[in-house]
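What follows is a short report on a single structure.
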């Protein structure tokens, strides 16, 4: 029944072709199924907040889109193309590395632990991929990198190494590093949960700014409910590998229909 | 083949005797390097550096060919035991030393708080813990020692390597002989490797 | 007892032998560095028919004496038509022997790179080769340089074994001098002294390197 909600709650963007489409996607680790025949459509430029209890499969869901985990079954489409498969004579065959790399170029990701390259300066962290993946010249890459670093407020840290930066600054570099590749879809996996509380705000502000620019599709796994409410077009509540409920933030936060959503939000509010 | 087996026996004898000597030397030198007397530490340091710095084979030659010059004539077997023992003792002394140092200071302090004597603290508290840490690296040296016994052939001890070479000279079935020699060494050393790995796993899992 | 005049007269010969020792050491080290890397990569491969034989090869070579391997290369290979000079056989044997040790060193270096680094590289769409060149190798190599330095010294100290396959390196030179002059004391002692000085100085170098790398 949760799927029924999908079509009606896309607040106006539901008419265009989805840019991301999960169809009957399942994922098991060993014997444990952590994503269960999940369907999800994401419209271009849509901002989706993914919430749910710990271990419910939120991270796994977006890692499959980044090609960091391979679905056990089902298909994922990105921008009209199958991600993990290729169609050969009408049959689905596993995609090769070339195909994966082409489709992957449309997706970027920010990690909980930043994952900056510790042996490179801030500037090189941001220029390495444009130069070696997009094939830009060094000047062009640096120009773009500096623009992005300015946007995240770190233009004065170009020659610093990651360990010389605070967690909040590191995460902002990671955002610039992902942005400079100009992906259509950006994934955020609890990007503030490794940060000291006083550093959370500066990172959220940067993400909010990107969200307000409008044209990037964003999937954000987050425990920052207030933040999710402010920037998301739709909230998806996941529990136990399934979408239990989804809809506009006001609806989910103020008037959740499902018992499990209510429980989750109640417990969450109590703890915070 | 029986000839080769006789070689195996010599190799094993040599390994065991050299290992015992190495173990004793490692303990003496390991403790001596922790001594509070600078002179003791200095002498031990010289012993360790000499045996680690001058190649093992050179040491074998020196004892076998140069010592007679001073009136000390040792059999090939004795030379092998002495040199391998002193050489590996020097290497392994570092293991002993660092394992003892690896035991947290709090352990000694707890012993003092219980009014134990220093030697009692060493015997009942430090050593039992340090021994566990030492076992895997000492085991690895034992494997290296087994392999090194082959070098004693070069001062004409009738060990496995020598017997292989002899048979080869007589029968000229080079491929079979040398392959067999390699396999026998493998069979001697590899079970030890596996045992040490198991030990390491159990130690790191904290189950010993 | 110790004859200084004799010592000085044989010094040029010994230095000539030392030259061969050093050549063999560095050639074998270069060989081991490259082959060890290939072994480490193959060992990590998910293709089982590649990784399993490579694993077996590494275990076997590590569990058998260098001397036996040298004899095998020097005396058995010719039976299959591959006749090698003592130097080539020695470099091959010594290099192969240590490549298995270096492959383990590489493996530990590679394994110490956090998974997040691989994932970030993937999220930025790096190719496999680029991930190795830009991300993995630059982080994996500096910590293992001192370890590699110690293996270089270890190889240097193992070169006398090559005298067994008739390579006239430092020890063999000393033996020849001894046999001709009936004086073993000076030549063999000098060989020991030369080894001691060179390996002691280089191990100080490695310690210095380690200190500097730790500071970074």
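By written order: A, B and C. Residues from 1 in each chain.
The rule is simple: a residue touches a chain if its C-beta (ideal position, glycine included) is under 8 Å from a C-beta of that chain, and two chains touch if they have at least 3 such contacts.
Values in this document were obtained by computation on a predicted structure and should not be read as measured data.
Touch-path distance (fewest steps) from chain B to chain C is 1. Closest to the middle of the protein, by Cα centroid, lies chain C.
Set against the Cα centre of chain A, the chain with the most distant centre is B. Here the spacing of chain B and chain C, counted between their Cα centres, is 21 Å. Separating the centre of chain A from that of chain B, both taken as means of CA atoms, is a distance of 56 Å. Chain centres here are Cα means. That of chain A falls 48 Å from that of chain C. By the touch criterion stated above, chain B contacts chain C in their complex at residues 49-50, 52-59, 61-62, 65-66, 69, 143, 147-151, 153-154, 161, 164-165, 168, 174-175, 178-179, 181-182, 185-186, 189-190, 193.
Touching chain A in their complex are the following residues of chain C: 114, 116-117, 119-120, 122-128, 130, 134-135, 138-139. Against chain B, in their complex, chain C makes its touches with residues 59-60, 62-69, 71-72, 75-76, 79, 157-161, 163-164, 171, 174-175, 178, 184-185, 188-189, 191-193, 195-197, 199-200, 203. On the chain A side of its complex with chain C, the touching residues are 66-68, 97, 101, 104-105, 107-109, 111, 113, 115-119, 128-129, 132-133, 177-178, 181.
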